[in-house]
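What follows is a pair of complexes built around subunit A, which joins subunit B in one and subunit C in the other.
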Partner chain A sequence: MMDILQDIKYVIFYPSFFVMIIFPGLIAGGLFVLFAIWFERKIAARVQMRVGPYYVSRFGGIAQLLADAIRVALQEIIIPAGVNPTLYVIAPIFPLLFAFLPLAFLPIGVIPEQGSVFSAYYHSFFDPGVNMGVIAALPTEYSLIAVLAVEAAYPIFIILQAWATNNRFALVGAVREAYLSVAYDVLILMSVIATAVEYHTLDVAKVVQSGIPGIVANPLAAFVFFVGLIMATSRFPFEIVEAESELVTGPATEYSGLLFLLAMGGSYFGTYVYALYFAAVFLGGWYPLSGFPGAVILFLKAAVIVLFSVFLRSVYGRYRIDQALRNSWRLLLPVALASIVLGIVGGWLWIR
Partner chain B sequence: MTAQPNVFTMDATQIDIVPIEGELNVGPQHPGSGHLRIYVKLNGDIIEKAELDVGYVHRSVEKLAEVRNYMHLIPLVERPAILDSIHMNLGYILALEKIMGVDVPDRAQYLRSLAAEINRIASHLYGTGILAVFLGHSTGFMWGFGDREVWVEVLQALTGARVTNSYIIPGGVRRDLTPTIKEMIEKAIRYQRKRIPEWKRIFLNNPNIRARLENVGVMSKEQAIAWGAVGPNLRGSGVYYDVRKFEPYAAYDRLDFEIPVYKEGDAYARVHVRFNEIEESMKIIEQIIKEIPQGNILSDRFFKQIPPTRLKKHYETHGKIVFPGYYASFRPPKGEAISRVEAARGELVYYLNSDGSPKPYRLRMVTPSYRTIYVFEQLAKGARYADLVAIYGSLDYFPPEADR
Partner chain C sequence: MDQVKIREYDKNKNPFRLFGAHVAAVGEGIKHAIKPKTITLRYPDVSMTLPTNYRGMIRLYKDVCIGCSLCAMICPADAMKMTTWEGKKLPQINYGRCVFCGFCVDVCPVDALRETRVHDAAFQSRRELVFNPDKFNQDFDQTLPVKGTVRKVRAVIDENKGIRYVPDE
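What follows is the complex of A and B.
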């Protein structure tokens, strides 16, 4: 009997399963995204002299989002005439998948040799870079770029989605996404290169275990990455792809029901995963804790980033696509270059 | 070898635009169209032509006017712009009074100005809210509608209805100002004065909003005159013109106020004109409350026809006018008249032709939004697609008002 329980415990806490499915992956992530949307509505309501979600559940209508999600998921799915039905149905799954998949490479904590629920996996998830085990679905020494490499596929599937729906507003949105993705991917990559140079590593775990948060070591890179994060995940003021008053909902215009939920969920999951990455690289991650408590610290830091980025909705409108591009190339690219210089100097003089 | 342009010194206007042509049907079922279809011809991100397909909410007000009594027309003419109903109502009544030859008591004149200015503030806040949501600024949207609520409540207390007030009747107004309403108005002014700096912080001076509005939809002074722009859009282009100053009606010749004029002629200037007008309107309202003369609110000619018992029951206790039987189907003398009022969106013209029957022979209304259609089409040419909604919102174009 005890053996079976031990086996179940072993399976549940097996990092590849635990990270992707339970925490901070699908279950925790899904609940948190619902919470973030609730928070977005509630904080915007607070700024805008409204009440926001109120009736569903006792505490501030927190179950409203669950109710909304169930309602939308059970709505009729309308497949427009003149589209390829197979492509139309599978297209919105990919953006969500590729928003979520990068989590596999991201270490969310380290495993001490003794005394943690994860200690049993110390040897199988050993990372020679930090000389400890790491809690990651796929431990790799190149996690810093592996995450971004997978995340970079996201815009391609947004374009596929727009193409599959054969709607003009969707196509205009897709073109905007294509232009924008080049701009923000460059910013994000450059700030990460700056960090990699400064810490002499491509391993997120090693960056965190150095004990110096990236925002202290290289504030420019942190700033550029944060702006890139907001652009990449379509948060205000860069909510240009879905621009409601111009493009209805951009690439998701034709979708309804569950497919709409999938199409719109991608950007929120993207924000969440990017925020976890940002919290690990720039905000000190789980340090100095290890094991599960460390993962919770990382999650809380990421939560603050997500909640801040959704709060921006109540402050800003949206930029025009040309303004966003001009700002990112003219203003932020020099800052990103400066962050690389700062990274070289910091890596040479300070961080060994 | 051809010389390459230096990409770092290049201006946005110098970049070659690869022609990718196409059309977009914006509306009538579109979050950014309102009640009309905008047929947009695009070249890349640049609008080559925007055609306004008006008439989606046409109500045939002018034709209906020929088969209805003069009194029954009051609720009808204010329908095209229910958020500016006092002005729609006032213009019609002014034309009618010219034909009938009625003189309106002073107190009623002041009350007309009061209601009109309250309505102007409410309408401008509504327009700003719509502009804000077009730019994706949800806070401006909610604030615009939230602050408007205060003024709509005041109008409700004064006239008995939130939007379709039907407040102004031939010879005067329907209800008198009471001390409670005065207090309410003072409170509303205090609230709005406190809110305007907050508006400036989050909306007008927001770098994001400034980027979206500055140098967008620029209309020069000459263009504004040639294209027939009216109201705040005209004044945003540097033309000093306001019917309230040039051809005063109601009590405006006795009130002291400024006409805000901006030279820039872009969307940002138009929004600023509206905000300054809100402040000016509040000054006007304050003066009216202070200076309003005592007296009757309906011309003696009609007032004498109200039975004394009903007068005692309604007018002396509640300050409400009960319509005399004369109104039911009166016949004004033969004649025609034109009236002009400065509605919230600009100059509103009524032409009324009476053939001596209880129904007008012809009613013609030229609404400010109707005059904006051409301006909109001209300004949209050469703008970016995302600017379509910025121009739309900044012109405060209201489709039902244009369609009538």
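What follows is the complex of A and C.
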């Protein structure tokens, strides 16, 4: 009997399963995304002198989003005439998948040799860069780049989704996404290159274990990455792709029911995963803790980033597409270049 | 294709001042989020005492009415109609049509129609929206489906906030 319990415990806490499914993966991530959408509505209401969700549950209508999610999930799925039904149904799954998949490469903590619930996996998840085990679904020494490499496929599937729905609003949204994706990917990659140069590594775990948060070592890179994060996941003021007042909901216009949830969930999951990455690279991640408490610290830091980025909805209007592109190329690209210079200088003089 | 020229306002060309403006905007948002100036009334739980000249539902004073039918003639929405009620010509009103313009109240030569302060009502069917002279002769009263007591508030002008609610009675 105890053996079976031990086996179940071994399987549940096996990092590949634990990270992707339980924490901070699907279950914790899904609940947190619902909380973030509730927070978005509530905080926007407070700033705009309204009340927001109020009646569902005692505490500020916090169950409103759960109720909405169940309602939307049970609605009829309408497949328009003149689309390829197979493509139409699988298209919204891919953006969600590719928003979520990068989590596989992201270490969310380190495993000490003894004393942690994860210590049993010390040897199979050993990372020679930090000389410790890492809690990651797929431990790699190139996690800094691998996360971005997978996440970069996201806009392609947004375009596929718009193409599959055969709707003009969706196509306009997809073209805007194509324009923007070039702008934000350059910013994000340049800020990450600056960090990689400064820390002499491509391993997120090594960046965190150095003990210096990226925002202290290279504030310019952190700022550029944060703006890129907001752009990449279409939060205000760069909510140009889904622009409600212009394009209905952009690429998700034709979807209803469960497919609508999947189509809209992609950008929120993207924000969440990017925020975890940002918290690990620029906000010191789990340092100085290890094991599960460290992962919780990382999650809380990421939560603050997500909640701040959804809070921006109540502050900003929406940039036009040309304004967003001009700002990113003319104002933020020089900052990104400066961050690379700062990274070279910092890596040469300060961080060994 | 013609070139579309978009005119931009020349402000904040200096990127440092632009950054400062963004920080100021986010700071203002955080200030409002921490200390909200909510003006929405939580309506069924909290109800506003309306001013005495509020144009709410109309009531008839049957004994005063002389049956001149001016109200029915002036009504722009055809809500008011004359009926014979217990041997006397009296108006009846259809609230499904009424636009609450108050012309009937203004035109009445003997002040037999008055506006009340009631504006919140719900009906089961459209037939109930038609008030015959007997029903029209009473003050309309409908209890709201609220647990506990309804708090009454009054709106006062506040120089900082615009509108502020103070408890009434």
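What we mean here is this: the second predicted complex is superposed on the first by the 352 of 352 C-alpha atoms of A that agree within 3 Å, B and C clash if a C-alpha of one lies under 4 Å from a C-alpha of the other, contacts with A are read in each partner's own complex, and residues count from 1 in each chain.
The criterion applied here is as follows: a contact is a pair of C-beta atoms (placed from the backbone, for glycine too) under 8 Å apart; a residue touches a chain by one contact, two chains touch by 3 or more.
Computed from a predicted structure; not experimentally measured.
Asks: Following the superposition defined at the top, how do subunit B and subunit C come out on subunit A, clash or fit?
Replies: clash
Asks: Name the contact category of A:R168: first (subunit B only), second (subunit C only), both, or neither.
Replies: first
Asks: If we overlay the two complexes on their shared chain A, which of subunit B and subunit C does A:M49 touch? Say first, second, both or neither.
Replies: Touch partners of A:M49: subunit B and subunit C.
Asks: Touch test for A:K301: subunit B only (first), subunit C only (second), both, or neither?
Replies: After superposition on chain A, A:K301 lies in contact with neither partner.
Asks: Please name the chain, subunit B or subunit C, that touches the greater number of residues in subunit A.
Replies: B
Asks: In the superposed arrangement, does A:G317 touch subunit B (first), subunit C (second), both or neither?
Replies: Only subunit B is touched by A:G317; subunit C is not.
Asks: Once the structures are superposed on A, label A:A243 by its partner contacts, choosing first (subunit B), second (subunit C), both or neither.
Replies: first
Asks: Touching A:L331, do we find subunit B (first), subunit C (second), both, or neither?
Replies: second
Asks: Which residues would you name on subunit A as touching subunit B in one complex and subunit C in the other?
Replies: The answer is residues 47, 49-50, 314-316, 322 of subunit A.
Asks: Give the list of subunit A residues in touch with subunit C in this complex.
Replies: Touching subunit C from subunit A are residues 43, 46-47, 49-51, 54, 311-312, 314-316, 322, 331.
Asks: Which residues of subunit C touch subunit A in the complex?
Replies: Residue list for subunit C touching subunit A: 6, 15, 18, 25-26, 28-30, 32-33, 36-40, 42.
Asks: What does subunit B use to touch subunit A in their complex?
Replies: 12, 22, 24-25, 30-32, 45, 132-143, 146, 202, 206, 208-209, 211-212, 384-389
Asks: Report the residues of subunit A in contact with subunit B in the complex, numbered from low to high.
Replies: These residues of subunit A touch subunit B: 44, 47-50, 168-169, 172, 236-237, 239-240, 243-246, 248, 313-323, 326.
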